[in-house]
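Okay, structure first, notes after.
In this document, chain identifiers A, B, C and D correspond to the written order of the chains, with residue numbering beginning at 1 in each.
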Amino acid sequence: MSGNTFGKLFTVTTAGESHGPALVAIVDGCPPGLPLSAEDLQDDLDRRKPGTSRHTTQRKEPDQVEILSGVFEGQTTGCPIGLLIRNTDQKSKDYSAIKDIFRPAHADYSYHHKYGQRDYRGGGRSSARETAMRVAAGAIAKKYLATQGIMVRGYMSQLGPIEIDFKSWDAVHDNAFFSPDPGKVAELEAYMDQLRRDQDSVGAKITVVAQGVMPGLGEPVFDRLDADLAHALMSINAVKGVEVGAGFACVAQRGTEHRDELTPEGFLSNHAGGVLGGISSGQPIVAHLALKPTSSITTPGRSIDTAGQPVEMITKGRHDPCVGIRATPIAEAMMAIVLMDHLLRHRGQNAEVQVSTPVLPQL
Amino acid sequence: MSGNTFGKLFTVTTAGESHGPALVAIVDGCPPGLPLSAEDLQDDLDRRKPGTSRHTTQRKEPDQVEILSGVFEGQTTGCPIGLLIRNTDQKSKDYSAIKDIFRPAHADYSYHHKYGQRDYRGGGRSSARETAMRVAAGAIAKKYLATQGIMVRGYMSQLGPIEIDFKSWDAVHDNAFFSPDPGKVAELEAYMDQLRRDQDSVGAKITVVAQGVMPGLGEPVFDRLDADLAHALMSINAVKGVEVGAGFACVAQRGTEHRDELTPEGFLSNHAGGVLGGISSGQPIVAHLALKPTSSITTPGRSIDTAGQPVEMITKGRHDPCVGIRATPIAEAMMAIVLMDHLLRHRGQNAEVQVSTPVLPQL
Amino acid sequence: MSGNTFGKLFTVTTAGESHGPALVAIVDGCPPGLPLSAEDLQDDLDRRKPGTSRHTTQRKEPDQVEILSGVFEGQTTGCPIGLLIRNTDQKSKDYSAIKDIFRPAHADYSYHHKYGQRDYRGGGRSSARETAMRVAAGAIAKKYLATQGIMVRGYMSQLGPIEIDFKSWDAVHDNAFFSPDPGKVAELEAYMDQLRRDQDSVGAKITVVAQGVMPGLGEPVFDRLDADLAHALMSINAVKGVEVGAGFACVAQRGTEHRDELTPEGFLSNHAGGVLGGISSGQPIVAHLALKPTSSITTPGRSIDTAGQPVEMITKGRHDPCVGIRATPIAEAMMAIVLMDHLLRHRGQNAEVQVSTPVLPQL
Amino acid sequence: MSGNTFGKLFTVTTAGESHGPALVAIVDGCPPGLPLSAEDLQDDLDRRKPGTSRHTTQRKEPDQVEILSGVFEGQTTGCPIGLLIRNTDQKSKDYSAIKDIFRPAHADYSYHHKYGQRDYRGGGRSSARETAMRVAAGAIAKKYLATQGIMVRGYMSQLGPIEIDFKSWDAVHDNAFFSPDPGKVAELEAYMDQLRRDQDSVGAKITVVAQGVMPGLGEPVFDRLDADLAHALMSINAVKGVEVGAGFACVAQRGTEHRDELTPEGFLSNHAGGVLGGISSGQPIVAHLALKPTSSITTPGRSIDTAGQPVEMITKGRHDPCVGIRATPIAEAMMAIVLMDHLLRHRGQNAEVQVSTPVLPQL
């Protein structure tokens, strides 16, 4: 399949550019009978939405989604669900200056060489604006997963140099940073305010967790659950690294430390991040992702134009100084889509499997 | 597609268990006219082969591959290439004791819950033995990529706590660890010898690099080149993390530091790892992967059996104390397969694109 | 992939019900640089449109398509093309009577058993209304294929008992039946008028031809060009049979008769329909499809309701007495999509192949 | 995916040429717990095997299959099943004369233009020899389907000009032609004997029927059950046409005749061939396929060589005078593979659907 479809049984296909008329998605494979309305998708869309605090881009997009198909009398029908979000706040004139210039660390250079041309308005297809549709599609997956007892949630675990410990899920919703530690919020705000004064941007680390996942999801050897998760999370704009469980920390771990021992009462640890041999173990699925600093900054940088001539580059316009701040709902959405797809695939092949061995909790 | 096929235009499908009769693969989509013989695959298979030093498992497998189809008069025909490796050193009796026990950090528990049963001999399908076929398939990709000026190579960049700096490619082939720094080998050997005395295992970090990749490979938004790389690398046994370019280091980077500036002479840095917006930029593709410590160790650990009863577990048999040591050829193979697939996909859609802008070197 | 996506490199994903808010499609993989506007799609949409003669349904749909993405400054960008057609003439009240009844030869019964529920308004997703998006997507393929010298055209070759000989392509556009024989039109009109008086419907046979197809398209053994064509054409509503070249006539043919001999001047016949071994031969690709009579007729029939009780069924509403009449543009669209996909796939794998043997014409 | 993989959840990937070392297949997605041994596959392989009567090619191949993986202690494990059949009776010297000549109606010309070269020995990959692996894979599907109450069977319904009425399933196994009418066998034998004397070949029509298929299989709009069936059956060598149910006869049918009325006791007819709106209805699935006359005949024909020069062509060697005679097990296999794939896909999405409406029998 071409590159704008994700998933095998539960598939999400998206289209749409930053400054085109609209974003559109088709979500195929959702089981029938799920109560669904546009409002169900709006909540996550609003969490991702720009302009909700001074720490994100000031572009104003209501991101109002319309369900075009696949829902009848308030329930999914099993037929593909069409989704539409009109772009409303496109200021195309802002972007004409960069038409023939490759912004450093942007996709301009690579799109130009791949396609021979590009929609330069706001990054076109390479803009993070497309992630709105991931969030909408992910909200469908989340809602279905909830009926199976699965909950997918995320938070910011690091902003630039500031590490953020997990304190509580409730805290996540009470601040603009998706910080799980309310005590860190003031520090984060101060850091971001200084960053804007510095005319610079910074990276971030996001953690996503799925609880209630039954053992058995994942299709070795190539479509391991963690491999598909890595695919999904690395496909988000600006992501440069993905970890499952202990992640890169496992390099320095010893086997006696890393292995999660089992007792009749449950697993004693979760270095595996909920995945053993590429298949969910029933423990929480835990993944981390690293997002690079926003490439669009107003501090001048060296670049070239399409003729190969040197230029000094300043990215104007309205940009997030830390793309990671709005990334939590996107990461949740991608994890939900992966779990949904694997749940359906697993059912397809193993519907008749019966196991008497009890499922262990995470201690 | 089911989970044992990777790729879309250049596809690799594998089957085979650790202690079954054979491993088998079908490589589909290789362009015709490529000179190919079993010897071409044997070199990389030998690099991955167990038992070549005291630091890896002592299982003896010649890993001799037979080409069953797709090659005629010494050249590929464009038809699918069948590959066969017979297992020769299966000691099935070694494994019967673990039939009803879930080894901690192994796939036993998750396979049991997924399929209701499992081939418990040496881990069955979940054994790293299957990676032999990845290496064989990857060698085909490597050989074709070489005709396009692309070279894929890897090395060990960290073993447990020991970080290994890159010194030279030549050094990589002169030691059992794939260490690019000959000066570190003695330290690595001493560490491994102590590890075996400790009856323990340790993790490792591998770095893979592709040079000569033309700009344009990658299919946003979901099949970005880095996303497919993450998928491919995370699908390797024991991998818990994948980074592209700066990876997790980008979390604490500022935009002014991370962005790779462009000059008419070339890119000034490569924090991006050769991928911009999910598409190759012409810079070297750089990825890192974290491998967990081997789960099979002789230090006793707590576990349960299929009836949920507690057991004390010791993994006997012949195991790698650090699975990362043999992982370099596997990681190279998976990167080569991804690049090959994306090269063909890119050609398919963009065969007619002509770009006059020069391709920049990495400075 | 789920069932609403067709193709591998050039993919078409559709959604939308007969009486929902809109039809939507995402066309992925179109090469960049193709001039494209909504007008380019409108022509074929108008050919398929209902209500253009008294011989088709009187539902009035302008079928006006909007391009939502993937086109910039009048050209395709290589990014996915989103398409939207609003439904305007949905008379939902017409359909409430059939909510709990299975109309004979409709998809009501099978959808009910598959999904447990269904959008009963006008057949919902099973309505031929979805084919509007096939036509729009196919028009993009057609336009690109034209740049490669490939032309896809179709005509009606039989209506009920009336066989229609091919006279000229020009004639096809001059009548409501897509008849290539202007001399037959009066007979067809009389037949249809009588059919309506009989309160009955009838089947039809459509022929589609692609000229200018280069040799080499098709991916044996499963994705033969003719196999994918059969898939594509059989996926059109009401189609019950597909033939390539001689089709079922080859059952009674002898080898000496069927084989298309080659001379330096060209092929002497085309019983193969342009496909040898699943790969295009450079001869015209010729396919025929059989469409069943419309199931929606006003002559009463026996059926049951969802409780299993017998009912007498009359299908009211606005229906085509012969769905085949509007099927020609749909069949063309599907053939164009298949050829487009295979052209890109072929290029991907075999871009470097050079053959000195001349391509033979069809004599 | 590339062209040698069929299916989405239950996938079959094959490789191997007529005169290479072996045929190989990987069957992925088979549910675990199915009792399976090589003997289970051998029965159908023997039905397809050449040389069992004077009416088929005299090539002697035992077609002995080895299971390489995916089966443990006599049961499938859910892991991919590797299959191997060694070629034993390759007389490569027979074929060297045709190295530079395009045999009429063969794949020589199209393979040459696609790949620039070809394995000319016995047709290489384009030989019907590859269908042995379809039969082996199909036997796995058949065995699983039988556990679900589904039985797939086929017969020859026409040989050249001789139509064969269905009399009984028992009769099919008692003659070399898979004729369901024992009274026709003598006529068929006489016809074939004359055909050989005429140095000619002839076409055939095969009918395949699946009984016991539950309603609900099929994924509209593109992966309708009948569309995937058409794909699968048209992908068999020599097939030029596929019909479902009434097939091309529906062109001349009226709606009142074609529609299968429903009563509380069951469906009154089966013109639909068991598929409504692309989804199985619970009625028997009925498909017909047309196979062209064998292209390899000893009556001289005109052709050209790779330099474009005219040649007179005689195909020597050992060939089936009617490829349709051995096609019944192949057609059964492909139908079984399609049903298996759709059964798993349907389960994946609709596992929770409950329908109280009774399933109707075929009256």
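Note that in this section a residue touches a chain if its C-beta (ideal position, glycine included) is under 8 Å from a C-beta of that chain, and two chains touch if they have at least 3 such contacts.
As the structure is a computational prediction, the values presented were derived from the model and not from experiment.
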Quick one: which chain's Cα centre is the longest way from chain D's? A
So what angle, to the nearest 5 degrees, turns chain A so that its CA atoms land on those of chain D? 180
Are the interface residues of chain B and chain C largely the same numbers on each copy, more than half shared, or largely different? same
Note: chain C sits from chain B at a C-alpha centroid distance in Å of 44
Using CA atom averages as chain centres, what separation in Å is found between chain A and chain C? 38
List the centre-to-centre spacing of chain A and chain B in whole Å, with centres computed as mean CA coordinates. 25
Chain B residues counted as touching two or more neighbouring chains: 1-5, 8-9, 14, 29, 32-33, 78-79, 114-116, 125, 220, 345-346, 349-350, 353
Spell out the part of chain D that touches chain C in their complex, as residue ranges. 1-6, 8, 14, 102, 104-116, 125-126, 130, 158, 160-161, 195, 198, 200-205, 214-224, 226-235, 237, 239-264, 268, 271-273, 275-282, 290-295, 297, 299, 301-304, 306-310, 324, 345-346, 349-350, 353-355, 357-360
For chain A, which residues count as touching chain C in their complex? 1-5, 7-11, 13-17, 20-26, 28-29, 32-33, 66-70, 72, 75, 77-82, 84, 114-119, 121, 124-125
Residues of chain A touching chain D in the complex: 8-9, 29-33, 78-79, 220, 344-353
